[in-house]
Amino acid sequence: MDDLQCDGLTKRFGNFTAVNDVSFAVPSGSFFSILGPSGCGKTTLMRMIAGFENPSKGDIKIKGNSVLATPPNKRNVKMVFQHLALFPMMNVGENIAYGLRCRGEPKADIAHKVAAVLERIGLPGVEEKEVAQLSGGQKQRIAIARCMVLEPDVLLLDEPLGALDLKLRERMKIELKLLQHQFDTTFLYITHDQSEALVMSDNVAVMNAGRFEQIGTPQELYHSPASGFVAGFVGDTNRWKGRVVSIADGAAKVQTAAGEIVAAASGEDVAEGVEVDVFVRPEAIELGVPENGNSLRGKVDSLLFNGANSRILVRIADGELIEVNYPVMDGGGGLSAGDDVEIGWARERGRCFAAAR
Amino acid sequence: MFRSDASKLSLILLMTPFVLWIGLLIVLPQLGIGYISLREKVGPREYELGLANYIDFINEPIYWNTLLRTAWMSILVTALALLVGFPVAYYIAKIAQQRSRAALFLLCLIPLWVSDLVRAFGWIVLLRETGVVSGMLQTAGLISGPVELLYNDVTVVIGLVYTVVLFMIVPLFSTLDGMDNSLLEAGYNLGGSRVTVFRRIVVPYAMPGIVAGCIITFMLTAGSYLTPILLGGKNSSWFTEQIYDQFITRYNWESGATFGVLLLGFTSFVVWLGLRLTGQSLANTVAKE
Amino acid sequence: MRKLGRTLIATTAMAMVFGGATAQAETTLRILTWGSYAPDKVIEMFEEKYPDIKVEVTFSNNEEMIAKLRATGGAGYDLAQPSHDRIYAAQLEYDIYKPLDLSQIDTSNMDPNLLAGVKANTTIDGEVYAVPHQWGTSGLMADITKAPDFNSWDDLCDPQYKGRTSMRLKRTILLGTAFAMGKDPFAAYADLDEYQNILDEVTEKLIACKDNIKTYWQGGDDLSSLMLSGEVIASETWDSTAYKLYGENQNIVFIPPETGALAWIDTFTIPRKGEADDAAYKWINFVLQPEIVTMMSASTGAIAAVNGGIDLLPEDKKAAVQAAFDDEDIANLKFFANIPAGVEDMEGKALERIKAATGG
């Protein structure tokens, strides 16, 4: 059974449609992310699920039952806020006990449950600490524990890593995933950071301008994006413009300023004569000309060393810069800025989508 | 070296007006009042140091009854101002649209543009026997003859609440305004009812503002003069009135100064007691992390 | 304290030096007086006659005048106008006035009785500290259509006017009530124990009376509105307020109580540290001229202490006075006696007790 299901959910503020006919289902115990740029409507969507906004249209079901008539404090959907919203006037123990006390559980049970949940998140015995004494990562875990102690059907997380520094964010990604496994609860995670979504999620919905562009596993989104937006938003990619000359067997011949290339035609509106965007990921491109592949000539513009993620920037004939993976930059590669190179990639590794009008 | 000298100099320059203000206009006059209160008059132009003025105060029930009455009514006014002011501050800070907020706040400040005296006369015009309210009640047929609404303690309390409620709203507004809405939402999300969220989140969060507002309104009320006198009528005694009488009508500066010291001491004591009873500290109201 | 005092004086002096420097040869005459005792028109005429003198006026009342002068030791003003009974004890106690140079004052035109009375009241060690300016009375007023027989201080406490009378809770009502009880409080000033006994009886009476009173009035304005609205039909009053109301409603008249209206004389005194004595004397002589007297009385509602003062009143005020007083009433006037040291305190306590009592 699905823990959370939204059908045709729509929210309008005056003339502005923040969420437009969104439908999806989150299977029990899975980690589901909604990925989108800021202003795409993902926060509004989450607030509707939590009950802080009423949908203009559509239905929200939790464990199969519509909750539209249920006030926010009665929905068994808990939320970790963007800035965590830990109560500053309560200590850690009181913060976690808050929900239990609202439920009217007996005192002894509360103390027991608080201790148990702190144990599970790896912070035993911090009940008496003030919130301000905790580090960023600890606060994060307390905010999750405060929800999890109530055993919600769905846990909503609203970009909770946004305020953390990079190192901590990387660590918390893994930790969140582990916590989700440990509690075995359905997580609905909102973010604008594609790497967070890809690393943690079982399924990701990419949202743009109030609509879902694609729902799928991280692998599906990465390797077979359903739209130009998804292709551009998920993962690093090179992108340039062209016009379809001909189509055969799902492969489009595209005329670009730098030369003619062949790419997989994605989407129904790619047809002869259509303006398209071509997407090729850096790791698909290599130096030299592959058999039966596309190739372009260019000049090395600069070398970007980043260990295993090192790249070179190649300027091709029309002046565009193309990122190319170049993992073996140990100085012996012999490349330097200004060198003439030829780059190429397999035809099926490039895709083209009709350019947004 | 140079740096520390320069910063020291700028510190001194910044502090000077404040120290002068506190020192010359607050501390020195208070010391003067304290000194005068310790002078006993033994004859024309003859004084001795002593506590006679304080003993006189203790021996005269009229004086300390008036002081107690003033304190008690001030506490009542403070409580009512809190009751009235909190919803207003909450509405402006949390419910009103961002755009109308400034206008609403300004609206609250309008009564400050006219003097105490004018405001008191406003109440008199409304509430007197031949006044607006009495007339309207008669026209509406709710009462058969004119009714006097002035000159009683209820009117004094209403008038005082009206005068001081702003000083309650402003600090409440500023603490509530600083409160992240997500705290409220978290409160509901975790299962709290309106009452729980209000009691366990809003009130504790606003506590510094509540304490500051209560101290200000209490002190202002206990120290007010015109409103209780003009609205109070024949039975209204207010401690400031006695201070005025001692200083001006009876030429008894020694006793007046004593009363002044006692008023300051007693109101400070009430504030301290209030802080103790509610488990707050003065530091809470100014220094919040 | 003393050091602070010196600093303050030095600062004030400096301010005066610099202030004076800008004003050049001009003298400033700073008058501390009652509201309406220095009408703009009179100041204008005075400044026209003496172009080198600039008049500044501060309005006040007896108590505040003395408190102000006491605070500065008699500095800050060049001419003050307290009532005649507020000079002797205040001078003994606080040393705030300086003796007058009577040769500088044209006393020929003054009412000889009033002049002699004020002199007698304000002479210390052979020096005279005040001369009279205007006089008036405190008494009763009533709307004669509603309270036709009102003629005694006692009537304020008459149950038939319950909730319809008012008074000012100050010493006047204490004295008036004492007279109404058949006592002579002024005579008792000589024996303060006796006076205390009288005060105790008066206090008791006024506490019992409290139930009858609508409210205690605070100043002329609220008394006027109480009377004009009809909320109060009889009250203890200043005569000037009553005359003003007579102009608006001929039914409201001033009533000298049967035991005699209490008469006060506002005087001219020169504060001890006054700096413009010449200008002060010029002002005194100027405002005692007959044509100025009429303008002054029109503004103050009080009678000038000059020969034929009543005749010099403006017509409407004259009518009001004549409606209120006959010769017998004038002969029956009780002039406030000098207040000996300590009496203010005794009276203050009595007033406090009345105010604090819960008479309903």
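All chains are identified by letter, namely A, B and C, in their written order; residue positions are counted from 1 within each chain.
Please note the rule applied: a residue touches a chain if its C-beta (ideal position, glycine included) is under 8 Å from a C-beta of that chain, and two chains touch if they have at least 3 such contacts.
Chains and their UniProt names: A = ABC transporter ATP-binding protein; B = ABC transporter permease; C = Extracellular solute-binding protein.
Every value quoted in this text rests on a predicted model; they were computed, and no experiment measured them.
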item	value
Chain-level touch network, classified as line, ring, star, complete or other	line
Chain at the geometric heart of the assembly (C-alpha centres)	B
Euclidean distance of C-alpha centroids - chain B (ABC transporter permease) vs chain C, Å	35
Inter-chain centre distance, chain A versus chain C - centres from mean C-alpha coordinates, in Å	88
Chain A and chain B (ABC transporter permease), separation of their C-alpha mean positions in angstrom	55
Numbers and ranges of chain B (ABC transporter permease) residues touching at least 2 other chains	none
Chain B (ABC transporter permease)-facing residues of chain C, complex	1, 4, 63-64, 66-67, 70, 90, 92-95, 169-170, 210, 213-216, 218, 222, 229-231, 341, 344-345, 347-348, 351-353, 355-356, 358-359
Interfacial residue positions of chain B (ABC transporter permease) with respect to chain C in the complex	28, 32, 35, 44-45, 62, 65-66, 124, 128-130, 148, 150-151, 229-230, 233-235, 237, 242, 245-253
Sites on chain B (ABC transporter permease) touched by chain A in the complex	180, 182-183, 185-193, 196, 200-201, 204-205, 207, 289
Residues of chain A defined as touching chain B (ABC transporter permease) within the complex	50-52, 71-74, 77-79, 81-83, 85, 87-90, 98-99, 102-103, 132, 146-147, 150
